[in-house]
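The two complexes that follow have chain A in common; it is paired with chain B in the first and with chain C in the second.
Presenting the complex of A and B:
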């Protein structure tokens, strides 16, 4: 009975994703017939037949790859937007981890009031919502002339203290004795960092990378404020602006967009779960 | 832009550098030479991140505090709380913060209670538990923008939900263009965040000492007693943490709202981020900075209060 209940609710959680995938194999005419009204507002005098009622369907009448073919070969616009997403997300994930590795090590090692205060400041910045942090970020971007460039999003993204905070928490759990033993064997500080601390935190890096990736892959707030030119928008923002002329593509684009996230999820679910569990040490 | 920013930023950097140098000096004096060379490497490691945080967060934050108490960026006349008073009286800001507050007050407790329930459910030795966990966690990884099409179809005036309601004799509601819109967004929020919270609770539940529960069972404690007097107390730090994380994500719900309804939503769905976006468009720095500082202060107070409550609650646990 409990299993049935858990199973049913689990299916409900999965359903929107599954629907998006199955609908991506529908032909354009079928999508128009089913969902035309949602997107039909832009072109009211459209020639396509639109039913009043929306018709959410799990299984397409006829499976076709036509949406994908159009997206991949005939309408490069979407691939550009996909690339916009990649070029914004990848540097943030990579360099947030690189700078965080050093900073986390420093916070695990340095003892003293000054460092505790600084670490607390990192925590406060981490907890602030975008509504607060976007104002200082915008100010800096404006001052250095970075507005309307990718740097206005990438640079603040890199220095968001999230990774520092989590990884430092984990590095602090590494026993001091390990450190002392390495020192007795003649290891220098950089060697201890590279050969003891980093390898021990491998899984922490993986899980933080997943969490940082998914947050930035989904970014909406930053591009809306930093970019005045919508051609720079990543797919996360652009997808919502699909209008009636292109609804045949919408689901295929949506699926292509979720693929990287799904792959990372399936490949790294254990890391993700571990990473989420690590976070709960927020207090100590 | 005033020339002030780079100047104050450099000054700040200088102060910071002095502090670091003096800190090293103090340490090397007290503990001896060995430690000071030991400290240099971590400091080098910290430098890039610290520099970035200073440039992109801390220094501009100080500038923004300055902006929030002057009349305009050119004149720089000190007006103390005037900007704050006008922002608190601003009708758009009142509406936005009211809606955001209403949303957080509804969605965050639900997110905590429902995910605790799900975690308890999965904690029973059900078959396929790890599959269920994957399913519950999947919305976290699926980009909102990808599934927003499905949600639009479900909650449209002629959409699936209304068809079901009409089938059972109810009347259709335009979900996204009515006061119900906030509940629709709340459902999306729960759909996305329950799995994440559930994983946090699962980890916490598994760390409750098993022997304690066994002793309780032997002494005849019921499931109800065990839940309220043992499990819940061990879970209290996690409940606090899940609460804080949900609160933070509830501020990100603008994403869902924006993708569902665009720039100009129904007034019930006008959130703080909408307000900020509009203010950015007119680039009123006084308004922006006082609004940001005000929200920052409120966040710090809320989180501080939550920590305070948890400290008292968790403190009791250690005494026993």
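Presenting the complex of A and C:
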């Protein structure tokens, strides 16, 4: 029974994704006919059939790759925005790991009231939604002349406490004895950091990388606020606007948009699971 | 094992991600190239306001502007056809020959007539009676009848001649009257000129006279002013009088000398007083005092004499000035007098010239009037003669003709009755006699007809041209009135006809030139000569007939394009933008949609009606809105809904 319930729940949760994938193989006319009533896509001057109610169709009447062809071959803007997303997300992930590793090591090694207070502040900041720091970020970016540049998004993204928190949690669990042993062997702090702590925190880094990637791959507010030029918008912003314009292509756009996140997840799945398990104390 | 499987899986995922990124990179780098390759490129234009002179097109075959049919007015047998279709013939050229000989035919008819006449005469002679006088009487009446009929047929001619003569006479009289009126006017002007009144001259002369007169008046006034100035100067000179400056000079010199002498005397007295003692010195002193007083007196006199001299001098120089001015003024006066004389002469010459001119005009008019009077007299005579030539009114002559016909018929019937009576008395059948008489009449009629037709052994062309049709064949026996062939009178020009709708015909005007299209064999031009109903569909179509000139010949096909009067239209697009399918005419509009993908352009179908076109541009109406970009051409075939890209976008 429970299994059945779980199965049904899983199906329900998977339904949007499955719908997206299957509808991405529909022709535009079929999409307009099924979903046009929702998005009001009846074009003036051309007659298209549009049903009076919404039809959720999982299986297309006629499978076609026209959407993918249109998106990949006839929409340079989509491809440029894909790379906008990559250009914004990749540095954030990479540099965040670098900065978070260092900060986490510090939190792991240094104890005391001051560091606890600092760690607590990190926690508070981590808990704050992005919208709270949006205005200060904007003002700082404007002060430094970074508005309308990618650095206005990358720099704040690099220095976030979430990665520090996760990695520091993992690092704190590394026995001090390893540290001492390494020191006895004559290793310096950087060497201890690089050769002992980092390898042991691989899963944490992978987890953080995946989560940070997903978080920043889906960013919407920062580009809308920091960029005035729509050509710099990443794919996440683009996708939010697609539904109002090109419903016929929205599904293909969404599928292609999902792929990098899926690849990242699949590649680092075991680390993520390992990281979550480690966090929860469950040995997986 | 598990780890190895996991590693392989990770490698596959890694490879897939790398491939995905590479594909995305390649597509990004070549996105524009791919786009250019995949999307059709279109050129667009916005409907605008323009004038269109709608072209009406049509084609036809060149034919002669005039043709003539060659007919035969008797029954003949065609022998040989000497021409064929397309041949150019000259006037008098033999077209057909007859296998039957006309002369012998006439002879045959004559013989037949003589024979039947003889038989009839014999029948009459069988009665023993001579009807020559009766027949002569009938002949006389018939001749009179023929004359009257001829006169009646000529009556319109006489009437026309009379009317023409009358009109000519009336025209001449009108002209004479006009000229006489003109002469009267001119004579009046001459009289006025003689009395010095030049007000009735034409504007040119009046202006000239006025100019000269004004000049004379101005000069006269100037002379009068000059005379005044001269008189004034003379009076001033007279007032001055004659001044003898030498006497004043002598007086002055004397006064000066007296002063010098007195000064010498004083000098002497001074010397003496210096040398004198006692009372001599006193005396010398008294003398000096006296001498100084005299000197002062003499100096005063000198001053007076100087003043008098200077005054005299001044008077003389004033008088000299007046005299100089007087001389100059006199010269000016003389000049003015000469100018006045010259202008007066000009005026006089002009007046003489005007007089002469008008007199010449009057004389010329008088000569013309005299000639016209002579013409009027002649024309009046001609009119009278033409009137006298008119034998009578139509009704009078018709009555005469009818009377004569009646008389002829009566005479014939009387003779016939007489002959019957005599024949009956002689035992001849009246019926036979009548039958024979009828036979005689028929033979006579045939003979007369054959004689009138005067057709010889061949038919000749009455005019030059090109044979267009031949309706006869060799050996065919024709009937009277048959058309043997048609000749196109190429000297009268060529024409071309084609049919258009009534609406199109309303848009062209006679005389408009048409463009000859796709003709490379020389220069050719066309002009619309007439618009008539199309016989094939008179209610809906009109036939446009064009006069063709240039390097063309009969049978050529030409395509003409004639433009109608231009009209302004608010939506004009290139004709290449208009497409057509089973649902009618439409255009493809380039509709832009701003999407997250950027501006997308798709082709959208808009049905239109073509209101006017001149081939290159067309005026449309329909549901096309302002600001719509219409697709004119594309690099690939496109249909409604196709995504396109703009040229050079």
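Quick note on the criterion: the second predicted complex is superposed on the first by the 262 of 284 C-alpha atoms of A that agree within 3 Å, B and C clash if a C-alpha of one lies under 4 Å from a C-alpha of the other, contacts with A are read in each partner's own complex, and residues count from 1 in each chain.
Quick note on the criterion: contacts are C-beta pairs under 8 Å (C-beta built on N, C-alpha and C of every residue); 3 or more make two chains touch, one makes a residue touch a chain.
This is a predicted model, so every value here is computed, not measured.
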Joint occupancy of chain A by chain B and chain C, clash or fit: fit
First (chain B), second (chain C), both or neither touched by A:131: first
Comparison of chain B and chain C by chain A residues contacted: B
For chain A as apex, the angle formed with chain B and chain C - C-alpha centres, to the nearest 10 degrees: 120
Contacts of A:159 with chain B and chain C, given as first, second, both or neither: first
Which superposed partner A:116 touches (first chain B, second chain C, both, neither): neither
Partner chain(s) touched by A:79 [first = chain B, second = chain C, both, neither]: second
Least Cα gap, in Å, left between chain B and chain C after the two complexes are fitted on chain A: 13
Contact residues common to both interfaces of chain A (with chain B and with chain C): 239, 264
Contact footprint of chain B on chain A as seen in their complex: 2-3, 5-7, 9-11, 13-14, 16-17, 19-20, 23, 35, 37-38, 52-54, 56, 99-103, 105-107, 109-110, 112, 114, 118, 121-122, 124-125, 127-140, 142-143, 155-156, 158-159, 161, 164, 188-190, 193, 214, 217-218, 220-221, 224-225, 235-237, 239-240, 250-251, 254-255, 257-258, 261-262, 264-265, 269, 272-273, 276-277, 279-280, 282-283
Chain A-touching residues of chain B, taken from the complex the two chains share: 1, 5-6, 19, 23, 27, 38-50, 52-53, 55-58, 60-61, 63-64, 118, 121-122, 124, 126-128, 131-154, 156, 158-160, 163, 191, 194-196, 199-200, 203-204, 237-238, 240-241, 244-245, 248, 251-252, 254-255, 258-260, 262, 272-273, 276-277, 280, 285, 288-289, 291-293, 295-296, 299-300, 303, 307, 310
Complex contact set, residues of chain C against chain A: 6, 10, 13-14, 16-17, 20-21, 24-25, 27-28, 31-32, 34-35, 38-39, 589, 591, 593-598, 600, 604-606, 623, 640-641, 643
Chain A residues touching chain C - in the complex, by the definition given at the top: 43, 45-46, 70, 72-80, 82-83, 86, 238-239, 241-242, 245-246, 249, 259-260, 263-264, 266-267, 270
